[in-house]
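Some structures are shown below for you to check.
Next come two complexes built around chain A: one with chain B, the other with chain C.
Let's look at the complex of A and B:
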């Protein structure tokens, strides 16, 4: 019966996030054709679709975790027959689903478009995948930070830090040996360096979510 | 044998500037307990421990026979909780909330929910953020009452309401509760609300339970005596008297264990008993808290 309540809580969050999910997906999809253009227009498009993903992550943690706590609707949720750990599982799962729908949709569109294109400009696919995983890791980090610290100040610091990390990432990673120059190739090159980068990002996601659930399970006070 | 609806035994919880100091009380099934205390007395902390929102440092808490917080999931199936600062989801409608709660509790009673909607003048299609404070409290009450919990825990549910909305909410609550055999813990610092609704009263102050008794017993044993006292007469405080205040030739005696013998004692001391009157719950509450603080030297 409790598994079904966790499912209901996930469904509840997805219902409340529905416009956010749709908005991020539509904004990202609208920005993609622009980002494929040459020069400044292309850069603006790139910034727009990265903003769509980043803003989605920020809204999900601020609205879904922080506002639920501050507005005291958390009291209502925790009065339901669930344990605080089950609440955290539902919250993490709902946030992940809400993030991964636009994230996955945009990633699939980028990869699909590149593969379908003739001649194939596929060389940038590995870096785009790595960048998308970086943004996923940023989201997981923010989610963990809010669930663990419950602090608005830490949330703001986390948002600033992860946002500053994106331009730094875009400057550093494409210049790394084994990755540099590959984006201009017609075929995707999955070098050990790019695979390691993606692997580290995926590990950060797992570690952040695991830490969030671990801390929640050991916590004594939930309000 | 019926297990008590709520049992607190030696419950402690410490914060930097406040501590629940080993509180114990018990609410039998079918009883309505008013849990009364000034702001910051420990009512909300106790209720949050009761609802497993926070965990006690020491002591035992059982809700409908379930040890808290360990068996909180089993306990919460039968507990309806409404608190002053609880909020619903502002962007969703009341109808959505009703359907959400219904999807969780098989005990949800559709007909009863419809009756409550009518009685509370609520519109299911209304968004929660457009409800007034009074309507929000009624919406919360509807969501817990329509699933027919065995125990209702109400933490200052009328605190933010204006007098009219408060009167309406209490009247509706009393009407709703008339037909049911529910246990209720009703926390408030408003003694008028508590007096209307409760049949047991527990006073809490500065993290300690200072009195717990049947409401009628409280009202029966507390009296205020007005005395005319000659200057030469010396008034002492016999057993059962919590306070004697003297001003010139008059004195007021507050007693927490009144008996006619008390009048005789003061008459023998040379005083004339001008008036003996029952006290309101608010007067009893203030006298209890003041007396208790004085005894503890606070």
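Let's look at the complex of A and C:
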């Protein structure tokens, strides 16, 4: 495997995504202080913050995978001395990096801010981490769906499904035994239930990315 | 045979081996055969024009050669190896139809990026000069016109010093000057030993550039040969002369396909050119400026594909 080719492909994608990454990070950071307020303003801030991450994931897969296929630039790339495996690794890696920079930045900011507060309002940290992993899993699922199915209809269905999943998640998970009420505590409680939730989400990420790589690298027909 | 002779034989064999080959290839999409038992070879240093109406199988053939799809039956080789092998594609340049590259990058960045995938590419500025895109180099790809985008794609196709170049409808949307520049570059690459596979709907382009022509229709190879051989496959000829004979009368003669009067001259298309010329001379003693031409490639193509339909 020629690693320099993979690195070049990743660098090219990250260069193309640079404004998207910066925009999502800035929008998320701008929404964080608003989401910390009481009442409707706080809700709007929370929605803006989640929209920044969700929209980033959608744009990355639609622009990076679907548009590349529809504009046939994928055919051009695969006609170069680049193997489907190299392309698949580069595409998944570039998408992951582009998603994880704002995702990681926002998560670190939330956790860092909560820890720095006195008295510490740290009880919500486990749920926020679980929610962030849920959005990461949503992104990984969408990426897998588009790379595997190559279908616009499946993409739309996937986007609708994952978006509807977020409010459902926010309604169901905080009420689960072992998680319920913990967000109001001053200390973070890493109960087995919240750790299991995060573990399942991480497993979904690994599974989706693995499947995306496996199918894309073995695809025989790109026309 | 001595070892030296054997070496020479192998060297000669390698030199004559096709750079791209489809051997008895069949490719189906659902139940439709995009290619049906097609055998087609590209020889070193030649320009093979692949002609055919829409849906004839041209793009499928190129897709097979580039490893973008696999045949249901038959053998495909590229640079004496598998099209799926990266080594085979290191010597290949490609300009595909209807491709859109990243609009945010400049033409120069596209050439530089594509060059970086090859082991011994031309310098970026040399590629830009070779393909005459100096004026476009700094512009964003998304801001270019359709013809200008094709010129940048052509630059990306030749930047890796290809030994085999695939050009799928390369001059669509180009102005006359840009087309001339592209033709000149293609001829230069051919002079340097590059082989070219060209698909085009512009038959004068094939006539001007091709060493050999292959005509596909409904997934089958219906004719193959030099431009002259293709034209000779079609028995109709064009007769031009200055004559007072009425074209309506000529149309009724046996062997005449069509007759028109254009700018004072009579233009006759006929299967039996010799017989028609004899009748014309007999009918008009004052006949002058007589010319008999073989069918153009365009006429040959039309007739061949009509027969296959």
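Following the convention adopted for this analysis, the second predicted complex is superposed on the first by the 222 of 223 C-alpha atoms of A that agree within 3 Å, B and C clash if a C-alpha of one lies under 4 Å from a C-alpha of the other, contacts with A are read in each partner's own complex, and residues count from 1 in each chain.
Quick note on the criterion: contacts are C-beta pairs under 8 Å (C-beta built on N, C-alpha and C of every residue); 3 or more make two chains touch, one makes a residue touch a chain.
Computed from a prediction, not measured in an experiment: that's the story for all the values here.
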item: Superposition on chain A - do chain B and chain C clash or fit; value: clash
item: Contacts of A:220 with chain B and chain C, given as first, second, both or neither; value: both
item: First, second, both or neither for A:72, with chain B first and chain C second; value: both
item: First (chain B), second (chain C), both or neither touched by A:83; value: both
item: Which superposed partner A:171 touches (first chain B, second chain C, both, neither); value: neither
item: Chain B versus chain C as contact partner of A:8, first or second or both or neither; value: both
item: Residues of chain A contacting chain B in one complex and chain C in the other; value: 2, 5, 8, 12, 16, 71-73, 75-76, 78-83, 220-223
item: Chain A to chain B touching residues, read off their complex; value: 2, 5, 8, 12, 15-16, 71-73, 75-76, 78-84, 86, 220-223
item: Complex contacts: residues of chain C adjacent to chain A; value: 59-60, 63, 66-70, 84, 86, 89-90, 92, 94, 96, 98-102, 104-105, 113-114, 116-118, 153, 156, 160, 166
item: Chain A residues within the chain C interface of the complex; value: 2, 5, 8, 12, 16, 71-73, 75-76, 78-83, 220-223
item: Touching residues (chain side chain B, partner chain A) in the complex; value: 48, 51-55, 72-74, 76-77, 79-81, 83, 85-92, 96, 100, 103-104, 140
